[in-house]
Every structure is written in C-alpha cells, then in structure tokens.
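All chains are identified by letter, namely A, B, C, D and E, in their written order; residue positions are counted from 1 within each chain.
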Amino acid sequence: MSLLSTAPRLLVDVAPRSTWKSPWKRVTVIAGMTVTSFWLVVLITLSWWAPYKPLDAVGGRLQAPSWHHLFGTDALSRDVFTRTLYGARQTLPVSVGVIVCAVTIGTVLGSLAGFFGGWIESVVMRLVDVTLAFPPIFLAMAVAAALGPGLQNAFFAMVIVWWPIYARLIRGQVQAVKHRDHIQAAVSIGATRWRILRKHVLPLSFTPALINATLDLGQVVILTATLSFLGLGAKPPSPEWGAMITDGAQFFYQWWVAVAPGIAILTVAMSFNFLGDGLRDALDVRAKR
Amino acid sequence: MTSTSIEAPLVQVRDLVKEFEVRRSSWRTQATTLQAVSGVSFDISAGEALALVGESGCGKSTTARCVLRLTEPTSGSVRFDGVELTELSSGELRKARKRFQMVFQDPYTSLNPRMTVGEIVGEPLLVHGANAAEQLARAAELLEQVQLGADAADRYPHQFSGGQRQRVGIARALALSPDLIALDEPVSALDVSIQAEIIRLLQHLRDELGLAFLFIAHDLSVVRHLSHRVAVMYLGKIVEVARTADLYSRPAHPYTKALLSAAPIPDPLIERDRVRIVLTGDPPTPVNPPSGCRFRTRCWRAESLCAEVEPPLIDIAEGHKVACHFNLWS
Amino acid sequence: MPFLLLGIVTIAFCISRLIPADPLASIVGVRQMANPTIVAAARQKWGLNGSILEQYWVFLKNLVRGDLGISFRTRKPVTHDLLDRLPATLELAVGALVVGGVGGVALGAYAASKKDKMADHLSRGFSLLGSSLPVFWIGLVFLFVLYARLGWFPGPGRLPPRTKPPGHVTGFYTIDSLLDGNFTLFRQCLWRLVLPCFVLGWAYMGQLSRLVRAAMLDEINSDYVRTARAKGLAERLVMRRHVLRNAWLPTLTILGFSFAQLLTASVLTETIFQWNGIGSYAVQSANTLDFPGINGVSLFAGLAFLLANLATDVLYAVADPKIRLA
Amino acid sequence: MSDLTTPPLLEIRDLHVRFAVRNGQVHAVRGLDLTVHRGEVAAVVGESGSGKSASMLATLGLLDINASASGSVRFDGTELLGAPPPVLRSIRGGRIGMIFQDPMTSLNPVLDIRRQIAEAVITHRQVSPRQAESKAVELLEMVSFPDAVRRARSYPHELSGGMRQRVMIAMALANDPDILIADEPTTALDVTVQAQILDLLRSLRQSRELAIVLITHDLGVVAGLADTVNVMYAGRIAESGPVVDIFHRPQHPYTIGLLASLPRLDRPDRELTPIGGVPPRLYEEPEGCSFAPRCRYAVEACHEVEPPLERVEASMVACSVLPMRSRTAEGSL
Amino acid sequence: GSSKKSATTAAPTGTGSQSTTAPSGTTAPSGTTAPAGTNAPSGGAHELVIDRDMDINSLDISASYCDTCQIFNTAVYETLITVDPADPNKLLPRLATSWQANTDNTVFTFKLDPAAKFADGSQVEAKDVKFSWQRLGNLKGSASYLMAGMKSIDDSDPTTVVITFDAPNSAFLPIVAASYLGIINSDVATAQGATDAADAATADKAGDWFLAHSAGSGPYQLESYTQGDKLVLTRNDKYWGAKKPAFPRVTIAEVKDSSSQLQQLQSGDADISMQISVDAVGQLQGNADVTTKIVDSYNYVYIALSPGAAGGEKLQDVTVRKAIKEAIDYDGAIQALVAGKGKKQASPIPNGFIGSAGLPLPEYNLDDAKKLLSAAGLADGFELDATYPDANVYGVDFNLMMQKIQQDLAKVKINLKLTPIQFTDWITRINAKGIPVTAVYFAPDHTDTSQYIQYFGLIPNSFWAGSAGGGAAGKPMDNPKESDLLKQALGSSGDAKAKAYTDAGQQMIDDEIIIPIVNTQLVLASRTNITGMHYSACCNLDLGLLGLAG
C-alpha cells in the first residue's frame, strides 16, 4: 500500500554521525576496544614476555594465588595465569575463523536464496530450518562426536551450527532490499541479475550480518569453551579456556584453577558485545528485525 | 503535438492484466488473488506524454511496471515500437531496455546509497558496454542536463536533498537516450517548493528531447502541467482517456468529475465558493471488486444496470474515451 | 513440518552412524569385543546388522509406530526414558523460562523506562553479564559460593537426598508434592530449582531484556503512544496499556528460538546440577554412543523446537489482532 | 469569523525547541510566535522539517525525550510550558484535542477502536466503562463513521485510511475540547477522501465553535478551511495573517515564492517559478535571515541581521526587504 | 576387572579393599562369621544414604560387570563362599557350609547350608547354583570369563554342588567368592524368561525384569532403580543369615562429583560418600560427625604400550619401552594425580595380591632412559599417538595423568600426541588396531592373582596380548613362559603357587607392555555413627555389614 506515498518525508538533517549516542555507549565501546586490543596484543606478543611457559611445571601443585602465580597453579604445577593468557591463542583465532566461515557460507547461500527464490530458496531454507531445529549444542556435540575431539573438528561443528543463522539473516535482508526501488532501477537499465546481486543487493544487506557477527563472536567464544568443557574441543595439554575450566571443576576447592579462564571468557565475550553494539550504532541499523 | 499520424504508436498496450497472489497471514496457506490491473489498453505515440491518474492503489504503478516488464504481466500484450515485449527472452529484454526507462517515486530508496552519483548515472552505460572514459563524460553531461553540475558525480546520494536526488534519478533514466520514460509519481514525495523545479525540468526535457512519457500521478494539477493526454484509472481499469485540455474542461466520467472537484485550489476566494462533489466511502479493495461498473458503489448516478453490465471504454469524441453507461455528456 | 521432522531424524541418524566408534563396544564390553560370535549375536540382537539403509528403514518404520528403540545404555525403551526424564527438564526449563521471561521483560521494560540513566546501564550490564558467561562456569561458581561456602542455597539434585520423591502423578516433583499435600517437600523442591533455574535463565534473561528494551523504545517513539499521551493518559497507563502490549509482539517472535537455546543450556545446567533430565540424558547418550538415545534426544529437541514455534505462532495470533482476524 | 478583540485562546511566544542528537543539537523551532483565537481556524504551513509538528507537540508537552522547549505557551491563561504533568494531562485530550498525520500508525494496532475512544473519555470524566463505550459509539456516529454500532469493535488495520482518520477525530473530540490541533490530517489520504475529512472538519467547527490549528503543507487545503495563515520557515514564522491577505497580498519572499511555485488546476498555462536552493540545515545556527540564501531579493543586510516579525498591513511579516510593499499588492499571483 | 564401566563419562569410582600388606586400620572388620553382638546394632528406622557416581551396566547379576554392580550383587545375592574382609586370602562360608577340591583342582564340591533361604522363603538348592553359574557362563557377558573351563555341574543332591573343570583351576575357590557368582532363585528367574541354556546370550529375556526386581537370598532386595538418579534397596525381612540387615532402606544416590558428595556427607544428607577426592578431604578435617580414613586398595591405573598397534612401530624394540618406563617420574605423578595418596606398583599384580611381593618397583631414571634411547638410535626423539578414554577413575583424571606423562616423556624428546576419546570409541579402537600408548585402570573381580595374568599376560586369549599386538588387525603377542607359569599356578597351591605368580609378575615387568602408574588409595568417608565400613577385594562395600552406632 502506498498510503504514505503522498506524505512529504521528514528530512532528517542531523549532524554528521561520528560518535555514539550516550556516554555509556562511548564508555562501553572504548572498553570493548581496549579489552579486544589487549587480547590481540597478548595473542601476538605473549611469547616474549609471558612469566612462564604454559606447559611447564613451575612452583608447587595447586598453589593458591600469590605474587608469583597471580592465579595460582594447577594440579600439574603449571601457572594458571600464563595458561589463561596462552588460551587466547586457541580461542580467538578459532572464534574469528568460525564466524568468518559461517558468514561467508551464510552470505552466499542466503543471498542466493533470497535473491533468486524458487527451488534454490526452498532447498537452502529447508536446510536452514532443519539445522536450526537442532539446539546448537546438540548439533555441535553430535558433529564433534562424529569427527572426534579436537579444536579443528569443533571448528567445523560450530561453522555448521552457525551458518544457517547468517543465511537466514542475509536472506531476510536481501528480500527487504530487493524491493527497494533502486533494484528495480537496476533491472530497468538492463543490468544482469549477478550484477544486481553483487552491486546493489549485497552491499546493502551485509551490514546487519557484520553487526551480528561481532555480537556472535562472544557466543562463539563461549561455545568453543563449552565444547571443550564437554571434552569435544581442544585436546590436552593445550590451555584452552573451556578445557581449563573442566580441569578446575575437579578441584572444586582449589577454585583459582577455574576462575581465570572464566574471567577471560567473560572479558572477551563482553567486549565483543560492546563492540557489536557500538558498530550497530555507528552503522545506524535498527536493533530490531 | 498529439500524434494522430498513421504510423503505429510507440507503445501499444492491450488488455493488460496483472494479478498478485496475496497471503492473508503467515500461517494460513491459502492465497487469494488480487487483480491490480484488470484489462488496461492504451497507446503512447512517440514524443507524447500520457498521464495515468487515479487514487492510491488503483494500479497505476503496476501498469507502468508491467509496460516496462519490471513485473511480469499476467496476460495482455505490450508492443514497443512493434516488438512484443512480453515475449522477449531475458537477454533480449535486457538489450531492449535501452529504449525505455523509469523514474521512481521515492528519491530515497531509488538510489543505491553505496554508489556515488557518478556511478549511478554511469551504470546504464557501463551495463551496455561503454568504457570508463565515455561513461565519465556522459555522466557529467547528464548531470549538467538535469542541472546538478558535474561536480556532483563524486558525492553519495545521502549528501543530496530530495529534489536533487530526483534529478539524479532522472539523469539515470536519460543516460541511454531512451524513447520512453515512465515516471512513477516523480514529484509527490517532494516539498512544494521543490516540486516546481522538477516539473520544470520535466517540461523542459519533454519539449527538448522529444521523449514519450508515461507519467503517473495522483495530483491532477501536476498532471495538467505535464501531459498531453490523461488516462484516469479506477480500481485497475481505465475509466476515461482524453486530451488534457478536454478532460479538465469537460470530464465525461463521474469519477473524473469528482476527482477534479475534490482537488483543492490554493486560492481562498475561489476555493470557498466551489461547488464540490464529495464522494461517499472509500475505494473498494481490488481483492473483491464490485460487479459491473467498479465505480458504481460511490457513484451518485449509478443505476441497476451499472451493477450488472461492465461499461466498455468507448469513444465519445475524437480521442476522448469513457467507460460509463451514463456519462456526463449524455 | 513433517518434512522438518524427517530431516531432523535423518540428520540425527546420519550423524550417529558417522561416528567412527562401534556402539557394540558399550553393549558387549571390552572383554568380549574380540569374540566374533558374541559380537555377531549382539549385532543381531540390537539391530546393528544389515546395511545402513536397512537400519534406517527399520528405524523409520519403528518411528512411525512411536517406537524409538531400546537404549543401549539403560536397556529401556528410549520413549520411556525420555518421558521419564521429561518432567525434570520441563520443570527446569519452565522455571528458567519464568526467571528469564519475567526477569527479562521486567528488566527490559525497566531499562527502557530509565533509558540512558544509571539504572538503565546497570540493568543492561547485568543482563549482558548473563549472556557473556558460560553457563557451566556460572553454575560452578554459584555452587561453590552460594552452596559450598555460604550455604545459602541447597546443592545439586532435584530432591533433598534423604527424601522420597512424591507419588508419581505428573512426574513434576513440585506438582506431585502439592498433590500429595506435602508442602514441606514442595518448598524443598522449589528451593532446589532456584539456582539451576537462575543459572539457566540468566543468559536468556539477558537476551530477552535486551530485546524488550529495544522493542519498548521502538514503541515508546511510535505514533500511537503519542496519541495515547495526547489523550491525557497517565504515563503508567501509557506504558502498560500501549507500550508493553505492543512491545510484547516482537518479543514473542524470539521466544521459540530462545526455547531451543534453553534446551542447549540445559545440557550444561543439568550436568552441573545433576539434574536427571533430558539434557544429561543427551550427554550420556552421546558419550556412550547410544544410537537410539541420540536419535531420540534429537527428535525430541526438534519436536520441542517445532512445538515452541507453533506455540509462538499461536500466541502471536492471539496477541496480534491483525493475524487473529485475518 | 473570529473575534480578534477577545484574549487569544492559545498564545505561543518565542518558542524554541531543540533536539539533542548525536553530535550536538537540532534547533528545530527558533522563536515561534503564534496566536489562535476561539473558534478560529489557524493554518500553519511550511516545508517539511520547518518545525510545524515540533512546535505543536511542544505545546502539549509531547515531544520526544531528547527534546527541550523554552519560551511561553499560554492556553486560556495557563502557562503550559513547564506545567506539572497532571495539569498538562488534564488539558491534553480534555481541552485540547490532537490528531496526527498518519492515522495508520497513530492508532494502537492491538486495541479495538471503541476501546481507544472510550479510553479518552474515561481519562477525563467520571464515567463507567460501559457509559464510555456508548459514548464512543456516539462519537463515531458524530464523525459519520458508517455503521458505527456494528463496527465499533473493529481493529485499526481493518479500516481504511479515511475511517481511521475519523476515529482519530472522534477521539480528539471526545471531551469537547476548545482547540483541535490537526497535524496534517489529510496528507496521507486520497483526494476524494481528503474532501470528506475536510468537509467533516468544516461542519464540526461550525457546530461546535471549535478552534482548529491546521498544520499542513497543502495550500489548497488552507485556502478552503483556514481563517488565518501562519507560514513557517526554518522554525520561525515568516509571515502570518488573514487567509486572503496571505494568498493575495503576500509580503514575505518565501510566501511569494511558495505561491508562485504551486501548480494550479485552474491555471494550466501559468509558468511555475521554483524557489530554488535547499532548506537550511537546522543543526547550524545561521546568521541573519534563514531564508536569505534562497531569497531572490536578499540584500547584504539579510545575511547579517535576523529580521523581527513586524506588522505589514493586516499581516505580520519577518522580512527586512519586503519586496511587495513598494508595488501594488494586487494580482501578485 | 579392567574397564568394567561398560562406558560412562566416568567420574571417579572407587572400589577396593583393605590391603593385607598394608593394613591401614579400617574400622573393625566383621564378616558373617565374625563374632556378632558388638556390631549388630539395628539401624532402627534410619534409612541409609550412600553417595556414589554409579556405573551400572546391568542389575542382572549374571550380565552385570561394574564396580557398583559388585556392591549391589553382594547386598542382594549371596555367594557360596566369601572373603574374609580382614584377609583377602582367607575364605569364609556363606551359602555353603563347607567345600573341598580334589588334588588336581579340577573337581570342587560344596555343601549348601540347609538354613539358606531366598527372599521369597524358598530353599537355596543345588539347582539354583547350577542355574546361576551356567547362566553366568552362557550369557557371554563380560564376567562370563570367570566360568571359563567349566565342564559340568552336578546338582543331583539338592544340598550338594559338584563342579568339574577341564583343567586344574586352583583359582576357582576365590572366584566363587566373586560377587558375580551369587546365587539366583532359579524358579523365579525362569518364570521371568531367564535361561541358563547354551544359547542364553540370545534366548534370555529376563534382563529387563532384573532392572526392577531381584531374586536373591541376600540381606537386601531391589526396590527400584532410576538410571542416573538412584538405586534403592529394601531390607530383606526374612534374611536367613546371622547378621540381620540394619537399615530398612538403603539408597545409593547418583552424585557425580566429589565436592557434592563431600557437601552431602558434611550436612548429613548422606551417610557414606564413596568418591571424595583426596584434594577435597582436607575440608572434612575437624568435623567430628564425619570419619575419614585413607586406605590402600587394589585399584590401579596404568599405561600400556602396544608395539603391534598402528603407529607403534618404534615400540617394537623392548629397550625403547624400557626407556619410556624409566622416563616417567612416578613419585611426581603420584603427587600430581592423587596428592601423594597412592603407591608405586611393580607389575600388573597389585600390591597385596599373591605374587606381588618382592618384585622391583619402577624407577625414574632419566639418564638411563636417554642412554637406552640413544642405544636404540632414537636419541632425537619421536612421536607417539596416545589415545585414551576421557575418564576419571579411582580419583585419577586421565587427562591429567597423560599430560604429566607427556611432560615427562618430553624430556627424552618423545612427543606424545594426546587424544582423549569416549570410552566406547576407545574400546572400538583398541580392539580394532590397538593404540600405541594408552591409559586404563583395573580393579579386581576376585582375590586370585590368575585374573591379572589372564588379562595382562602375553598368553593366548589375554586382552593385552591381543591389543598390544595390534588388536584384530595384528597378531597377538606371546610370552610362552607366562602361559606355563599360569598353568603351574592353577595346578598348585601354597608357596608353589605364590612362586609361580611372582615369576609371572617378573615376566610381565620384562614384557614392558603394562606400566602401572599409581596404585591408588581410597578415601573412606562416612558419618561417624555408621559402623561396619570396610572394603573387600571381591565385592567392594558389603552393605550387609553396615550398622548404626548408638
């Protein structure tokens, strides 16, 4: 219905956008960026300054936190703090990789489905529906179990879990963008469908996926840890955070073993959340739908 | 100006029908059909401006889109310069598109926000095989033509006002030097003070370039300034077609008359003394149109015949057609 | 929808058969795996002979009759096992849904009404915390602090260890204890639900409150809210009658999806809180390669997802007159 | 029609509205002066974004939370700006009714219309819900809502645009207000339906001695309904005066330009003269007259000093050049 | 036996017994024959709650094979003979009043106690014994091996059982004391579809029935079992034995982790917690309501080297295996894994079993290990696949253990690639192709040493002979001396038997296939008012002996 077509549009001539709405937003975005860069720096430079080696026995067994061992030591006398820092090398690349792959697959399939419709859409969306009907962890567990443990296989499992979300998102976006007049305009000048998809549809559909990807990064970090916690992720002795928590869970009264990796997950997940929120603001996309 | 020549008109539309499947809600699966355009026929000669007017939802845009085959018509024929458009393959159609272009109503959604104005205007050329240099030169030329200035090329749409954006849209439509441009309410989204600029630009283009226009509007006063002939649509059908001056001075269809009388005139002295025909009710929905004459439910002249027999569109004077059993001339 | 179920079942079946290990190992035990006659007999008995396609066909045929097979691990019909554990999981899930749903809506609405004030930031921070912490970690921390150290909350498990479960009517201990007229037991059961439900509901609460807040803010700026104010309505009424009622609609749409996430999280919560529900059944089935169990759980999860979606649709239809009367 | 000697019913003086946005603020209304008398139809016209809605919302305290208003708004002797919420609430919907541009989004989609109208009644009167509902049906009948009794339980989406606007009007008039503020009441409607609504407003105003503030950008509508016209430009009044004066003896270059750019049904051969240029950006504080950059008559001083609103003949005009003054005002159209 | 947990996620399970060689002084042991009176207070109305991470694979005694099953079987069924809790090498009468073996240990005769009655009041007769034992053998479950070599059972006299073996089997009397050889009421079981026929493995239909019912003569009866939740036993009010069961009801509650078990014990929610980890025990100090003791057990965890496994080629050289053995820091491992609460163990025969004494304990000798490796031309190190079950058994976390061993082996440049997998998967792999380095655990099924040679020795049909040789894909390893020694032992008794077992132990050390890492100790934790807490090698915890003080 074009009921509104005759209404003059509100010319929102606001100042050029560059920063975030509220001080809170600014604080969170800065916090997000700081923490993320902290982990990035840690990840890259760690080998040069880490207090200990992640696999070496140092100090005594299950020592409580002290100045020598900020977060104590574990049962094999390894420094928990050092291991937690090294954990970033496991978790972060995997999480980013999962999201990149999921977004790529989701974008390709979702945009094909949304743009061409017909049987392509049916097939893709059925696949999406079926995959989404599995609670993610069941699916990841099943896939990881089928492929065997290991971070690599957990990686595949998580990509399988995540791509449909993006496929659905992108498809929705593509369908929305598809009805914009500039697509019709592109058709009317005789552009091919590929060109339209590439130049006119995808660039406009991608923003929400990007924002979602940032927000989801935190969730992937958590799922990675979860799979490791269930024994389906990283193999020992790698200092993966979830695996460290599993170790720690056995030493319930030696609480420090599990605390540091938990905090690491928290900071990473939260900062990605902040970044995603900030990005959403910066790119000015509605939170909804 | 009107072409009454022997040669065939540029565009010949016959019995155009377009149906949409509408789903009532997401979880009920049965669909109903909605006939947005139900058997529309008209001609446009080369260089002629034909206006389609009518209330919201009467099928104007759909008609235009079907003519340009931006939507597939359900049935009917559209001949463009002797070529049956509805039968072209997609490849042929893409080539044929050079000759007919479209300008859209909403200057905000009709431009790709991620492309510069230069790219937008140059894209038609690119698609049809021009090289970069040609494209650049032509884009600059076109931007001058729509009075934007060539330096606009490097900027993005959001940096322009509505009127300026609409000029970009027009420049894009002109890029391939088409023979026909369909304009879907090109000024209705614009502020009054800016409307005039676009109307002037269009008038200018019409006279300078000799293009045929299919001009869609709901505002009768705008149409009057731009078109040679006017077709009035009501609920998917054309109820009256006539030369502009004829239609405004002597409307034959009660609906046309009501439409004219409802349009306010910005002059208090005149406006207060006008005799108005105020129609009752709203236009019915195309999902379930009235039998016989579709206007009869709101027509003050309707009789029982109107409910039974659909009035055909007949010539009542040279070039003046009306679809009414009891037209105002009789 | 039938297609979806078939898809789920098929994928579950495929995945379970993709697993490189031989499920017989869990049936015949390590000592007898080398004994071919025993292995063959067990294969026959548990329907693991024949090609994958044959097995799949048999599986489907049984499925149509509602027979999910016998669990390799518990040696009982999977349907029976699932139904047995369903009340535990539902009790937990409903509790979490209440915590997360009520908490999420309240928090979201509160945050929206205090937009950009300190209270807004705090409540958003709180909900964000919920979705940024791994459930299993929160569970451990809570158990350590609130149970082991402070003793404020009861420990894991559905019932105090020495208590007999209430008479079995529904399988929900809370309901059954009420039916028995045993209020002490009811209180105890409820009390034991608090920690796991909170742990499970927190992440959900975070997500929901965020959504509710966004939806509320959307609605607060909508034209009809302005109309309501223009009528002279008190702000309280505007919020309740106009804003919340509409913000509820977009919130509904994620409920179905969230339910699936609840199930996900319940796998971990049940493990941590020793809740003998479907989540722990899933983990155990996966760990022992109990094919019928794995398939059953997958089917259950898919079914739950579908039902949740259906329920969402129905709720939506009830709440939204546009759909109701269309 | 209106008695200009009695004290005005609504008097707005030097109203400023600012919206806080990401990087500063939008100064949307910049010292608006407006007077409405009892029983008078005062039109406010102006381009999109010129602050028409913002100023009326400020009057009723209905601005978004990122807005701040200053100045003075007196309604029947009461200062409304900064008034305590209960006072404002009793006036809103009680003595001032308001209808909005888009009748689709202005009605709550999940409540039926009878309830929404009844709500307006109950808020201001001690009546039972039942009474309120029958009153709602009465009101619907008053605005010629067809088949009001039966269709009172409809939901907004089941109604056409015109019907919805009637519901809005019924709601605004539920408590016999003194003023109806109509923010573009017909913009979203088809011409034939617009004619119906305008008819309705005309008859209501006659039967009830209702003052109407008619916000619109359609000068045709103004010509048919208004007694006085206030032309807004960039958050200020450019010119205000009796309707005939504005249309036939416009003084402000913007008014002149506006009228000259208007296509008219009755004058097909008239050349349209666009104003040219673009409206100013409201987050920049301009120096001098905000219309100066687009003004054909602007002199150097226009870019430096903001002209005050001064009486010129029957109108008030904010222009230091007054191009028409020297000429005969006759036949400017 | 090993890997009894048919397959579980395996949190710690602790079976074990009071060791003869290291009596750490458990509470006063009392068998059925032990003078009653002092420790026969009735539990009154008190219902006993035991916390345990259960690993039940079946409640059908003849099909069961798990640590918890041993507890259950012992409480519900009775064996003909039982082991003296104070001395695992001493046998005491139970259903049988007397027994004798012929000289070459091929024929055994048991006299049943005429007073013995099943819970339904019917007499325990020779036909029940025959039925139970034949069924155990024919069901082909994991415990069926206990009946290997049985030729016939004569039940012509209802009170006399005569069982004949193909070959000498001096281990049989201790085996009779194993919980799996408990006696089922054959009439009841047959009525439920049980059979002892040769085709019992497929024909027997009573498995499901046994999940909810029991048919034994023991002090308790099965009330209900909810997998993953609890196992509930009720008192057998008609128990025929001298020591009447003390508690009207015994609940074994599934409580997986050590910390919860500890909490519940502290709060009195549980009377006994069976798997409190050594790292948590400190929390109980100073709590007068709880009694804890750390005692020796026969349980141990070990790593196994399989030269025949795919990828295990480097291990074919016995010096390499020896080097690996010497490169492991046992004391460090015991410290890291169980906080020092464990012992080193020389051979697969656990400390305290006949044949374990006098064997050399493994030594950590890094230099020698390096030397051995250079001699083998592997001074630059190599890589080995170490796939092991992701389990935590007897308080030892395998992940931790393997990481420790990985750390140690890294010092001789051997790179262990660790892959924890699910138990089922592990079983599949070890049987199919073997695994170069893996970790497993073992608890005894009975008190005779023969089980260790049968399982670990490189003799025909031994599990490790096959797996170390590469599973089904390879060729079993063979050390004929061990077969001879086993035969010798089964055919003899007394010192000769002990000597044979010791020699076999030395052989197994020299094989360098099985490397025991730690012989774990157990935390015995119960409320102080619980009496009769003790562990036995054959049957874990004997519920019938428990009582309530005061």
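FYI, a residue touches a chain if its C-beta (ideal position, glycine included) is under 8 Å from a C-beta of that chain, and two chains touch if they have at least 3 such contacts.
The shown structure was predicted, so the numbers you read here are calculated from the model rather than taken from an experiment.
Taking the mean Cα position of each chain as its centre, E sits at the greatest distance from chain D.
Centroid distances built from C-alpha atoms place E farthest away from chain B. Remark: chain A and chain D have CA centroids separated by 50 Å (rounded to whole angstrom). If you average the Cα atoms of chain D and of chain E, the two centres end up 91 Å apart. A straight line joining the Cα centres of chain B and chain D is 32 Å long.
Chain B and chain C have centres, each the mean of its CA atoms, that are 55 Å apart. The residues of chain B that reach two or more other chains are 56, 161, 191, 218, listed in rising order. Residue positions of chain D with contacts to 2 or more other chains are 47-48, 102, 161, 217, 279.
Taken residue by residue, chain C touches two or more other chains at 19-20, 143-144, 148, 283, 286, 289, 322, whereas all remaining positions touch fewer. Residue ranges on chain E touching chain A, taken from their complex, read 257-259, 277, 279-280, 282-283, 335-337, 339, 390, 392, 397, 399-400, 402-404, 406-407, 418-422, 425.
Those residues of chain C lying in contact with chain D across their complex are 115, 221-224, 226-235, 241-242, 245-246, 249, 319-322, 325. Of all residues in chain C, only 19-23, 25-35, 38, 41, 44-45, 73-76, 81, 84-85, 143-144, 147-148, 155-157, 160-162, 274, 276, 280-281, 283-284, 286-289 touch chain E in the complex they form. Across the interface of their complex, chain C is touched by residues 21-22, 24, 126, 129-138, 141-143, 145-146, 148, 218-219, 222, 225-226, 229-230, 242, 245, 248-249, 252-253, 255, 258-259, 262, 265-266, 269-270, 273, 286-289 of chain A. Residues 47-48, 146, 160-163, 190-196, 198-199, 217-224, 226, 243-244, 247-248, 257-266, 268, 272-276, 278-279, 333 of chain D touch chain B in their complex.
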